[in-house]
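Before we start, here is the structure in question, set down as structure tokens.
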Amino acid sequence: MTNDLQVHVRKESSYAVISTDGYINNVGGEKVGEIALGLVDEGYKNLILNLEKSNVVNSIGVSILIELVERIQDVEGRLYFCNLTKVIAKTFTIMGLAEAAGIVDTEAEAIVALAAPQEA
Amino acid sequence: MTNDLQVHVRKESSYAVISTDGYINNVGGEKVGEIALGLVDEGYKNLILNLEKSNVVNSIGVSILIELVERIQDVEGRLYFCNLTKVIAKTFTIMGLAEAAGIVDTEAEAIVALAAPQEA
Amino acid sequence: MAKDPPGAGTSKEINLTIPMLPNMEIAATQTAEAVARFMEFDPDQIDAVKIALIEACINAFEYSNSSEGQVYIKFIMNPEDLVVEIRDHGQGFDPEHPAALPKKHRGKGLTIMRGLMDSVEIASGPGGTTITMSKARASR
Amino acid sequence: MAKDPPGAGTSKEINLTIPMLPNMEIAATQTAEAVARFMEFDPDQIDAVKIALIEACINAFEYSNSSEGQVYIKFIMNPEDLVVEIRDHGQGFDPEHPAALPKKHRGKGLTIMRGLMDSVEIASGPGGTTITMSKARASR
């Protein structure tokens, strides 16, 4: 019963979905980052970050997510965000995360986007 | 998006279930009371009040629920409460509602209790 | 965030002032919930604090007759417990002999507070009423 | 509850003081949520107020260097809007020329506040910083 972010992972054959529940601050951002990079190490280069149950973020948490996107791109991985609230989407745009990463509405759309051939 | 209590009604052949979501204060208690008495008027004399999604009450709301129990007993109706949080159950005991009304754990138990022949 | 919280003596107190308006006690319970979660209280403990706090607030709203119409709430996060203080600047009452009750099935607010919290103290007089309640941290 | 709120001039202000501790901004967002719901804000408006408030709080935590370590938050419920004021008694800064940023991808807190709220004003000096932000009520 703390205010800490809860994170759930679902592994599929060609991708993995990370779902968050709660506040994405520095601690929450780092938790997501560690889990995502762990999945990349396991071979999951196609990741979906579903934020359906998060409706508050702070700019430190978002800056950590931007770093995560950069690190995943460095190893030729791909990451799509989905199920953002309107206000989190706006915050991502202001912080430049929307430019760096793919953002789609639903998990289904993220799966389709990941299945598309990777651009060079 | 107010703090008002949400109330949902499910009518079955021999009973009806009133489910609440939110704070049971004076306004919330009165809302539940009106709906319950309306169901009695329609012929539903066996009622279940499921409080699963309510975790706060105040003593004014509870006093209104006690009056409701009395009015339903006056017309030979029966009302069972179920899915109380531990703290609401304790509050009901302190206020004397636990003596006046039937309180069971689940909706299924309430249905069984209502199916039992009524005591004279 | 603050690596080392600035101000070595940072007090672990949260202060909230709410106007005496119907439903405003919800602002108090929301704040209480955040504070209790911060202290890692379990859901039952959180609910107990919230309901006891509601009772104290609505008593102040209903009976204090305060002309300024404010309720002052202090949450003190101690190592061993959470202390919640609810204060009004109203007319006060005699806790030994509370007024006769106008309505059936009422008059249980103070009993609820005592039943749900570990301790409840009442200080009341012509300057107003202060209820001080405590709830021990989860024992694990 | 208070049939006629006592104190004819009951101000529609909620005051909250939180210590500068990591995660304490959550107490502020919980209070904000209750206040915004009270004003019948819709979920997006509520989220906007919460995130803007978080940014103002964590700036105070991180940069104010306040020795007393408190953040003072005032919610003013006006007929047309909600005003949120966030004040610290720290060192202040020059809003026209904020300090260079130590880290990549940072420095967007004030921009987020401006993006999510209808107005944001900054008053800062050696006595501390006050951010005053407003959000209009839902237009229906």
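List of remarks:
Letters A, B, C and D mark the chains in the order given here, with residues in each chain numbered from 1 onward.
Definition applied: a contact is a pair of C-beta atoms (placed from the backbone, for glycine too) under 8 Å apart; a residue touches a chain by one contact, two chains touch by 3 or more.
Just so we're clear, the structure is a prediction, and the values are computed from it rather than from any experiment.
Think of each touching pair as a link: the shortest run of links from chain A to chain D has 1 of them.
If chain D is disregarded, contact among the remaining chains keeps them all in one piece.
More C-beta pairs in contact connect the chains of B-C than those of the other pair, out of B-C and A-C. If you average the CA atoms of chain B and of chain C, the two centres end up 28 Å from each other. Distance between chain B and chain D, defined via averaged C-alpha coordinates, is recorded as 40 Å.
Rounded to a whole number, the gap between the C-alpha centres of chain A and chain B is 43 angstrom. Touching of two or more other chains is recorded for residues 1, 22-23, 26, 29, 34, 37-38, 43, 58 of chain D. Across the assembly, chain B contributes 3, 25, 60 as residues in contact with two or more other chains.
In terms of inter-chain touching, the protein chains here follow a pattern that is not a line, ring, star or complete graph. Applying the touch definition to all chain combinations yields A-C, A-D, B-C, B-D, C-D. If you check the complex, the residues on chain D that touch chain B are 1, 34, 36-38, 40-43, 46. Those residues of chain A that touch chain C in the shared complex are 1-3, 25-26, 60. Every residue of chain B that touches chain C in the complex is listed here, in rising order: 3, 23, 25, 27, 55-60, 62-63, 66-67, 85-88, 90-91, 94-96. Those residues of chain D whose C-beta lies close enough to touch chain A in the complex are 22-23, 25-26, 29, 43-44, 47-48, 50-51, 54-55, 58, 103-106, 108-109, 111-112, 115-116. Interface residues of chain D, counted against chain C in their complex, comprise 1-2, 5-7, 9-24, 26-27, 29-31, 33-35, 37-38, 58, 61-62, 64-70, 90.
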